[in-house]
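What follows are several structures.
Each of the two complexes below includes chain A, the first together with chain B, the second together with chain C.
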Partner chain A sequence: MSVQLSANNYRTPLLNVENLSVDFEQNGRNNSAAESVYLNVHAGETVAIVGESGSGKSATSLAIMGLIRKPGVLRSGKVKLNGVDLLALSSRQRRRYLGKDISMIFQEPTVSLNPSFTIAQQISEALKCHGKMTRAQRYSRALELIREVGITDPEKCLQSWPHQLSGGMNQRVMIAMAISCNPSLLIADEPTTALDVTVQAQILNLLHRLQQKNNMGMIFVTHDLSVVSSIAHNVVVMYAGQVVERCSVDDLFQCPRHPYTEALLKSLPAYHSNTNKRLSSIKGSPPGTVESMSGCRFYSRCNYAKNDCRQSTPDLLGEPDSNSRAVRCFRPLKALSTSNDRPV
Partner chain B sequence: MPQLLLRRILLVIPTFIGIVALTFFLIRLAPGDPILLIAGEHGVSAERYAELQKQFGFDQPLFIQFADYLSQVLNGDLGLSVVTQTPVLDEFGKLFPATLELALIAMIVAIAIAIPAGVLAAVKRNTLIDHSITAISLVGYSMPIFWWALLLILLFSVNLGILPVAGRLSFIYDIESVTGFMLIDTLLANDKEAFIDALHHLTLPAIVLATIPLAVIMRMTRSSMLEVLKQDYIRTARAKGLSEFSVIFKHALRNALIPVITVIGLQTSILMTGAILTETIFSWPGIGKWLLEAVYRRDYPVVQGGVLLIASLVILVNMVVDLLYVLINPALRQK
Partner chain C sequence: MSELLEARSISKAYQIKSGLLGTAVTSVLHDISFKLGSGQILAVVGESGSGKSTLARQVVMLEQPDSGEMFLEGIPYASCSDLHQRIRMIFQNPIASLNPRKRVYQLLEEPLINYKNLSRSERDDIIYQTLEQVGLDRDQSQLYPHMFSGGQRQRVAISRALVLQPRVIVADEAVSALDVSVQAQILNLMMDLRDELGTSWFFITHDISVVNVIADRVMVLYAGRVMETGSVKQVLETPAHPYTQKLLRSVPVAGNTRALINGDLSTAGDVITSASSCVYWNKCPLADSRCVESVPPMINLDNRLVACFKAG
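Now for the complex of A and B:
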């Protein structure tokens, strides 16, 4: 994996996100949801965006798709897919890429499918939108896609309505729909959060297989670090709208450098851990609004905070436009302080 | 689906009997006597009164009268009008097309304006467009129909003189009644001028009658669309790269219409009966006016029969709405 990674660094990335900022307007005030996010995804690579609820991971992924709607506002940023800045396009022009070159699956599959249309209608709509196929061709392609995502009895599934299928089935349908036009990038926004654990594993395997087959780039948004370890190549850790650490998945688990990342890892239940030990959690809660904050946003919850952390804001150090390691901390950690709790 | 239909039809039977009983006893609870009302100021002798009572069957005990009436109704006979001595069903048949024509046109106008306006208000939420549409809808809903009709008459008939005040057709035209729908009859008679005249007569009553349903449907469409536009599947539709038109009119409106259809059904039922006021103001020769006069004259068979027929229509409309509801909502189709 590391070999592939270093090779990746010299290739032009499939997706290049620069300085992406999203605000939410609330009661006349702007709350920053994501601030100056830099991100690269190469073909065949999975980048996980990790963070708590409200850390800006969903806002970032929606902004990449150009799907930020009011009260959300895109403040700045470039999203270059194969060199084309999607955000600079008009919404009409951008639609040509959505669902075709870049597509997305969501957290709640059952409510992400339209209840008034059959599965066949919804899949073939995506095909109709981006290609010239006859009705029969669309149907056979839909059948092929449904088989591809591992649904037994594809004919019956195509005739079904979303409410007749389980959450796992619906997520497979969502995936079939998302890959229908062979996108080069798939954004998965917590695709397994609403599913139970066995189904979750199946969906992850499916995504992994499809990715390898089509050499697809993937952004995987999640708050679940065990999912990250099984699917991601590179990880972006977000906290309160900012990227606080960016590294390879091995580095993330072996030597996190940001105190927040370390705290996240410590709060994972480990497979071989001492059962008498209380699982650690991060004290406090993320800041609701960050506008009036000065200094590091993690300051109040950080175990290593010093006075200067409160006074000035740390920058994301490293090269902001590459996937090499970067950390937003004045005193980045050297190694994991408690090594016995490392997850497998 | 056929099972559902059957169940709905079977449920209608007790409703019918209930309606018959209710109108039968309610109208008899009201003070006044049809025979005395027909006799007028001069009154009637005691012998003649008893004779007439016997003729109409009013001398029997109330429950016998009711049983007689019920068996008569079940045989499809609604009896004769006390006043005109013509069958209630015939009178209804003659007047109903006028009401239906007015109600249908009003409903078409209401739906044609309300749904696009409601969608527009939802899409342009919290803009001037939205606020104007919502304000107009509120005014429409709160406006007393009587006053609104008079205002329109004052403007279009009295001041501008471009629309007639009353009736369905000017007296100069003589159109044979084939369907009872003036617009269709004038076309069948191939009389273009009469058609335009009929359209002119229809305009003001239709606007007045459409006002409340328009306001109600518009508000419902707006709020239902707002609800639907927040749903995740709308985001999915956008993520697929569909055009905004397709997202709104295909993915959102289809789901938003479910509650709107219920409201349309309810409003249609109300129109069937609610036309009374409008028909009275515009002297529209429909069942609303007919029924109102029957109540004044205590014409028991007409009131009972008229109410029963209107109730059947309401039941029919509700049944159609239920079926539509199931057709448009796949989740219900399974049950």
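Now for the complex of A and C:
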């Protein structure tokens, strides 16, 4: 895999996100949700965006789709999909790409599906918008898609309403809708968070299989690091709206460089092989608003913070326009400070 | 009778309307027995629909089981007058479970007014002491729930359960909605409360890695039946029931990068519950005719109980 990745760095990426910033306006004030995010996704590659709630991971993924609505405001940024800047297009022009070249699945399948249409009608909708197919062709394509996502009784499923299906089945239907036009990029925003582990395993395997089959690029937004380790190639760690670290998935677990990444890994229950041992947690909570903050945003919670961390803001060092390693810290870590706390 | 909490053969069924006239009976819990010792943490794991939350409702006596009996310190629930003081519950989503129009002080005062006959200053003492136990400041007692962060809000929910000094706290997915860094704080708090106050926890979760850290014993539920129960070490290290094995294989391990996890699509499908066969037979790789024809009894395997013919 490492060979494939180094080759990736020289290819033009499928998706290229530059300097993407999203603000939310509240009571006349601007609260930054995502600030100057750079991101590359190559075909066949999965990039995971990880972070706590409020870190800006969903704001980033919605902004890539051009789905930021008031009170959210897109401050700056370019989202180039195969060289076309999606954000420079009008919403009418962008609609030609959404659902066809780039599509998205969400956390709560039962909420994202329309309760008043059957599964067949909902899957056919994307096909109706993006292709010239007859009704019969659309139906057989829907049947094919439902079979592809591993539903055992596809005909019965197509006639069903969303409330008649379980959460795992609905998420499969969502995936079937998302891949109906063979998108080159799939954005999955916490697609397995609401599901049981056994169903989660099925969905992750399904996404992995579909990705390999269609050589699809994928952005996988999650807060679950164990899911990241099973699906991602590269990882972007976000904290309080900023990218704090960008690395390969192996580097993330073996040698995190940002103190926040390290603290996040250490607070995983899986890192503690012995039972009844205290977990290490990150003291305090993320900053609510970051407008008045100077210095590093992780300063108050960081175990390694020194005076300069409060006075000046660290930059994301590394090459901002590639997926190679980058870290936003004055004193990046060398290796895990306690090596005996490795996962079992 | 050294057990703090005991359930003997709890069963619960719900009636649901089907069609125009008929009603169907769905068995949600079937013949569930467990024991929880003082100062222990019992984790209950299972998928959604396995009956975890229904079991929690029986434990806190929000509902009466159809058959079977619950005991607190050896006394049947029916003759326990102060049951609701001694068993308290916390829920998954503190935003939904805390009244948004009440300050933390009022939230904590309410159970004290309802159950205890105390003066204002005695209530003050208990409330401030409880807030301190969960790591909140006295000043924060005048804030409303929405003014707290997610982790702090869950601390408020825990303090509300603690204020009556219960013996058992039932936590229904209490850390599932929290970020890992905050989740670690809350799990540490639960372990501290167990060690300092001897509080027992009936801890419902779907996250196996959490079980490994905090629980002493674990009970695996599937379709309302106990599949396996034993010490955490036994069950997680050497699972004996095919379902427990599958559950553990489905868990992605952080750091084990790009490992293909077991997600066999052929095992997707409905649970077939029947009174005369194992509930897991249609998904079980080891099932044979015996599993279809008869219900496996609980067998004792080195102090752990397993409901499977093939175990051992």
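Throughout what follows, the second predicted complex is superposed on the first by the 340 of 344 C-alpha atoms of A that agree within 3 Å, B and C clash if a C-alpha of one lies under 4 Å from a C-alpha of the other, contacts with A are read in each partner's own complex, and residues count from 1 in each chain.
Quick note on the criterion: a residue touches a chain if its C-beta (ideal position, glycine included) is under 8 Å from a C-beta of that chain, and two chains touch if they have at least 3 such contacts.
No experiment lies behind these values; they were computed from the predicted model shown.
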| item | value |
| --- | --- |
| Overlay on chain A: chain C relative to chain B, clash or fit | fit |
| More chain A residues in contact - chain B or chain C | C |
| Chain B versus chain C as contact partner of A:Glu25, first or second or both or neither | neither |
| Touched partner set for A:Leu279, first chain B, second chain C, both or neither | second |
| Partner chain in contact with A:Ser53 - chain B first, chain C second, else both or neither | second |
| Overlay on shared chain A, then closest C-alpha pair between chain B and chain C (Å) | 6 |
| Complex contact set, residues of chain C against chain A | 47-48, 149-152, 179-185, 187-188, 191, 206-210, 212-216, 232-233, 246-247, 249-265, 267-269 |
| Complex contacts: residues of chain A adjacent to chain C | 1, 52-53, 150-152, 167-168, 196-206, 208, 223-231, 233, 249-250, 253-254, 263-265, 267-272, 275-282, 285, 342-344 |
| Complex interface listing, chain B residues touching chain A | 231-233, 235-244, 251, 254-255, 328-331, 334 |
| Residues of chain A touching chain B in the complex | 62, 65, 67, 91-92, 95-100, 103-104, 106, 108, 111-118, 125-126, 129-130, 161, 163-164, 174, 177 |
